[in-house]
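Next up: some structures, all given as structure tokens.
In the two complexes below, subunit A is the common chain; its partner is subunit B in one and subunit C in the other.
Then we have the complex of A and B:
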């Protein structure tokens, strides 16, 4: 037993690497004098560490899926692929934090350390195979997020964001724990697969108890991915937090939550039962609501960051729609969506962040006539906005198309139509920013320091996948298709 | 025939070569950019003429000599499939011709961001060709949607005062329609069990779905009828069919001249082309079932468009509404589903393309001189008046365009409208009689406009207007020739489409 426990530790290298990286960075940060040179070294170390983690994950890809640590953690291609996507998002956010003025110079190292900590939580969540690990993942993710949101110490809105996040997070974590204890009480195990095995044998009374318990369980995770009705915190937190933090929040916790949700959905509700019907029904309603509320509320926003926050709510809704399908086609669509979502989100937030650093706020009119000053950047932003809308031949279209396809495959026509109509609604506010950038006359000739050559190149490189995944998506699609869940 | 095989791809991608060339040129060398764009479109037009020469007019359906079929995303059975038949060929010729003339017309009229303008215009041309050539549903959808991007900017950047509103409205309307179409495309994909031919427009045709049912919104509905309606809305917004027409007057009035020409001349036809290529062949039973409704919608278009046109004081808006009215005739021809009706509809698509393009060009030229388009200004005074005495050449060309648009015998519009009436008379007698009033109103609003603008006392404001320049006359001549020639001798175009249209009509007749 003892030996068995560490038998497959080799598959756990990415997480171990990240932990070493995080602890090492804390030690470095506390040991050495705080100045620009040392900060740069820490930044470089972090990037190297993250890239190494990415490489370790890549090495894990395609290997035999297995459960380790007494079945507490599952290493399969699905979790590995999503972890890779999360690492990409983290690298993007860390790089952004390096030159963003929204994060205090003295706190940049802290940002990096916390981001890596949250990433570890995300890894746990994506791999969790019992309720305890799941909860552990969510909490690791959350507690650091609260601190991160209030990283702008002297800013009222940032503190508000942190407090709000903590309050909402605390309550939903409590609800989730309550739901979990009910599930444990009824079924007697915390193992996901053990629970799944018991589901068909339950009596009607037990099912009646479990239904609300699963609802409570969902509350915890629904809050992490900001699905309606647990989304209220997200716009305030997104707007109040420093932009690199917002970028990070829009990617890592959200995708980790989606990954966890995919796993529990696939395990618990694989067999037909009243629970499954209830869960799918709930998910359909929540997905439709999340998309619609996110999109409709985004229309009226004046701050671009807040608009992107609402738009990310609606994208979570679309990913939930892929989840409802409950088969490999749906999971493939969700994974592909996650991959494209990372690139689009990164580009959008980079540009917003740079413009915001220049002017101190990110109202829409700050973008007016951007095309005359920075044609390349305006074109990239336009591409990403069209991609988020879902126009071919861009990645966002293919992603949405695959979700619609998997919905129609399982005869969910109504949700497919709702998704489609939501794209039209979203077109309005995505076009708004394109309109302001391209159609409005140039107001001034000011240069924006953030758009140096290097950053422009980084943004262009991040936009390339948005193009290529829209035209040649076969390879990435088959990766996503091979990223199967391992259920044990 | 390796040469013919790549002909379609060559026509399709030629404008993209143009886009790349334009992008590589320095911003301030505007003459180079214009000349390059012109050369590019001339070559493209020449290639479409080569296509016409090689086209076998006796053969119905897609001509194997030109077909292209290359796997694109084989995992999903998506192909790069192109083809041409008698229905798409007239549209392809029209596209080649109009884009070439539009480059000439934009030569002096476009003054800001010339590089971006010509790049977008050429990009638009590729998308339009793509729609007319595509035989793969996914490919078709991609071109159909990508087209929104250049159009959005062409209206939004180079348009009139209210351009942003018009551009957004155009975008959202069309996007809404195409989303419904997308749901239909995916539904077809699964209805054919995701086979190799699941996106093949030709393989889907023939009414294979008349027996299927579908559960949606808690009810059992006929698959064919439901998705026919989805596709219908998608295409109807483009045509535009009443009540989806409200984007059109805004888009037309705000768009720069060349873009109005493209919009009226080619883009509207993509909607009716969609019916002919996709909605009717794939769901013939539902097309038959809804034919009366389509006919009534067409009639509303004809009458309502004409009455709206009559009420306009902005001459460009007047022509925009006349497009609504004329596209109504196309819808009437389609609803007949007989050989004459469909022939008339396709011919009307071509003829309306040339005559409306002429009208929009002419209005653009007038706007260049007067910087307004009011027949009657908002304060009640005359906008023009007595143009005939001041601008004789302009007036003559305007008259030719106007009469073609009105459908005067001997001009192109007459033949197609006559064919449409022949086609629908037996089926919808009442509608035919009512639609004839549309012709009457059409003559009335055009002549009334003409009277107010060209006759009467010379408005002092118009003195000093220059008559048409040589360049302007040059690019109007091909259209003048087209509207007169095809009025007297329509057989080149009728012969082109006869076999293919006959095939479609006989398919529809079996349901």
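Then we have the complex of A and C:
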């Protein structure tokens, strides 16, 4: 009996920790569900477990990149760094769910459990090295997401969001599998490295079969990151789901999808081939469309959550633009963008969630005159909106600058121009909320309970990286630059 | 003996049927059935390619996992449909339109 495949299990501690945490939380939840007071222990356990996972990932950083479990999983600094970012986003969403009124009190613990389950799927997707783990990662992410989107059981909008998510998800997973099956048929293996070796030696007939197969393959992953034309679910799901769930969806599935896409792009299309030309062309078109559609549709929205949904579509497009630059500069830019995106998204959704809890809806008008009541929070929101637009000296500017720089280095001028123009368009709707907060007279003088001292502190702490990453970005940039992909 | 082409033809027909069902039918249960058809088409593809093209077990394992996840997915999907039906008393896809504006 050979147990060689268990030799590297030490590199897999973060995932094992998360799984133990999820099972333990299910046991705790069934025991303490009835008791109001004991429920906070579940939250404390979850946060401790997530911090422990973060520490385990940190210990994994800088180690030798290797493929473990018979080449099924890759542990490299790229995936580890993105996993750390996903854990940060999960901690943020879990803390938000603790005090949000959008999730029923009795279901808050279930939210935590499902969030950790989705995180496991995200980890699997971020380090998948064959089609089976890739598919399992996507399905673990998706199936739990459907339940999570319809978490507000008695709300029509929430169950409709879950329904739409499930239908779109099922369709795109089916399309992806059909594409995968033909890739497997032509190339003869499900291992990514085996596919990469075969790609340069294909005959024209095989390429003719593979082109539509890769297109179908992209459907599954494009749906997870909400890129055009698979983005239709995104605004509906983001609007219908409870706000903590939306926060979570905007971070973990999206980053996991980007990580998976970066990996398959870098592995399959490292060498010049007709397939590479086709794939890069597809990515350029999809990236430009995703940015433009997201930004243009965001302009007319009345609900801030829906606006943020469209803005997150356009951010996915920008990350796709960095992805077509298949060298270290491009991957570094994408990783840095992902890090800044998490903090900006968390702050924006925290403030929207607290305002929405107070008034019951999240129209732009609910923000009018916020600066007179909560000047500090309004300033934080303004900072984040400036950063999302990409104004210096904030983090969003550096992130966008790096993407554009990598595009220009590789002579993708047209996409760089599209990205620049899109930043101008996005300024309109990001600054609209700033204008409403500052210039419109306030509707009433009520206090918003969510903006207690503790929550204000949490929001400020999350905004600090948005400032500091814009100024002291070189350190993080060098981390991201060292986070190389493992390619055999 | 049945050739590879026959298997691929059947699975392609299943795939097209699934797509047609999802486009043409307005009943949510029927759409879930269409998804199942597509998943079965790809499982059939994996099994057939393993038998005819290469002898290793990777394709069979993929097919098994597809069956498992398809079951999980339809269980969750049906659960959500039941909840939707209880709230809206309809399983028509056009009734799921409160979120559009």
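Worth pointing out:
Keep in mind that, in the parts below, the second predicted complex is superposed on the first by the 486 of 488 C-alpha atoms of A that agree within 3 Å, B and C clash if a C-alpha of one lies under 4 Å from a C-alpha of the other, contacts with A are read in each partner's own complex, and residues count from 1 in each chain.
In the analysis below, contacts are C-beta pairs under 8 Å (C-beta built on N, C-alpha and C of every residue); 3 or more make two chains touch, one makes a residue touch a chain.
Since we're looking at a predicted model, the values are computed, not measured.
In the superposition on chain A, A:421 makes contact with subunit B only, while subunit C stays out of contact range.
Once chain A of one complex is fitted onto chain A of the other, the partner contacts of A:431 are limited to subunit B, with no touch recorded for subunit C.
Using the contact criterion defined above for the overlaid structures, shared-chain residue A:478 touches subunit B, although it does not reach subunit C. Of the two partner chains placed by the overlay, only subunit B lies in contact with A:392; subunit C stays clear of it. Within the superposed three-chain model, A:321 lies out of touch with both subunit B and subunit C [touch as defined at top].
Once the two complexes are overlaid on the shared chain, A:162 sits against subunit C while remaining clear of subunit B.
Shared-chain residue A:67: touches no atom of subunit B or subunit C.
With both complexes placed on chain A, subunit A has more residues touched by C than by the other of subunit B and subunit C. Touching subunit A in their complex are the following residues of subunit C: 11, 15, 18, 22, 28, 31-32, 35, 38-39, 41-43, 45-46, 48-49, 53-54, 56, 58-59, 61-62, 65-66, 69, 72-73, 76-77, 79-81, 83-84, 87-88, 93, 96, 98-101. Note for the complex: subunit A touches subunit B at residues 386, 389, 391-393, 397, 401, 404-405, 408-409, 411, 413-414, 416-417, 420-421, 423-424, 427-428, 431, 434-435, 438-439, 473-474, 477-478, 481.
Residues of subunit A that touch subunit C in their complex: 131-132, 135-136, 139, 142-143, 146-147, 150, 153-154, 156-157, 159-164, 166-167, 169-171, 173-175, 177-178, 180-182, 184-185, 188-190, 235-236, 239-240, 302. Against subunit A, the residues of subunit B that register as touching in their complex are 73-75, 141-142, 145-146, 148-149, 152-153, 156-157, 163-164, 167-168, 171-172, 175-176, 179-180, 182-183, 186-187, 189-190, 214-217.
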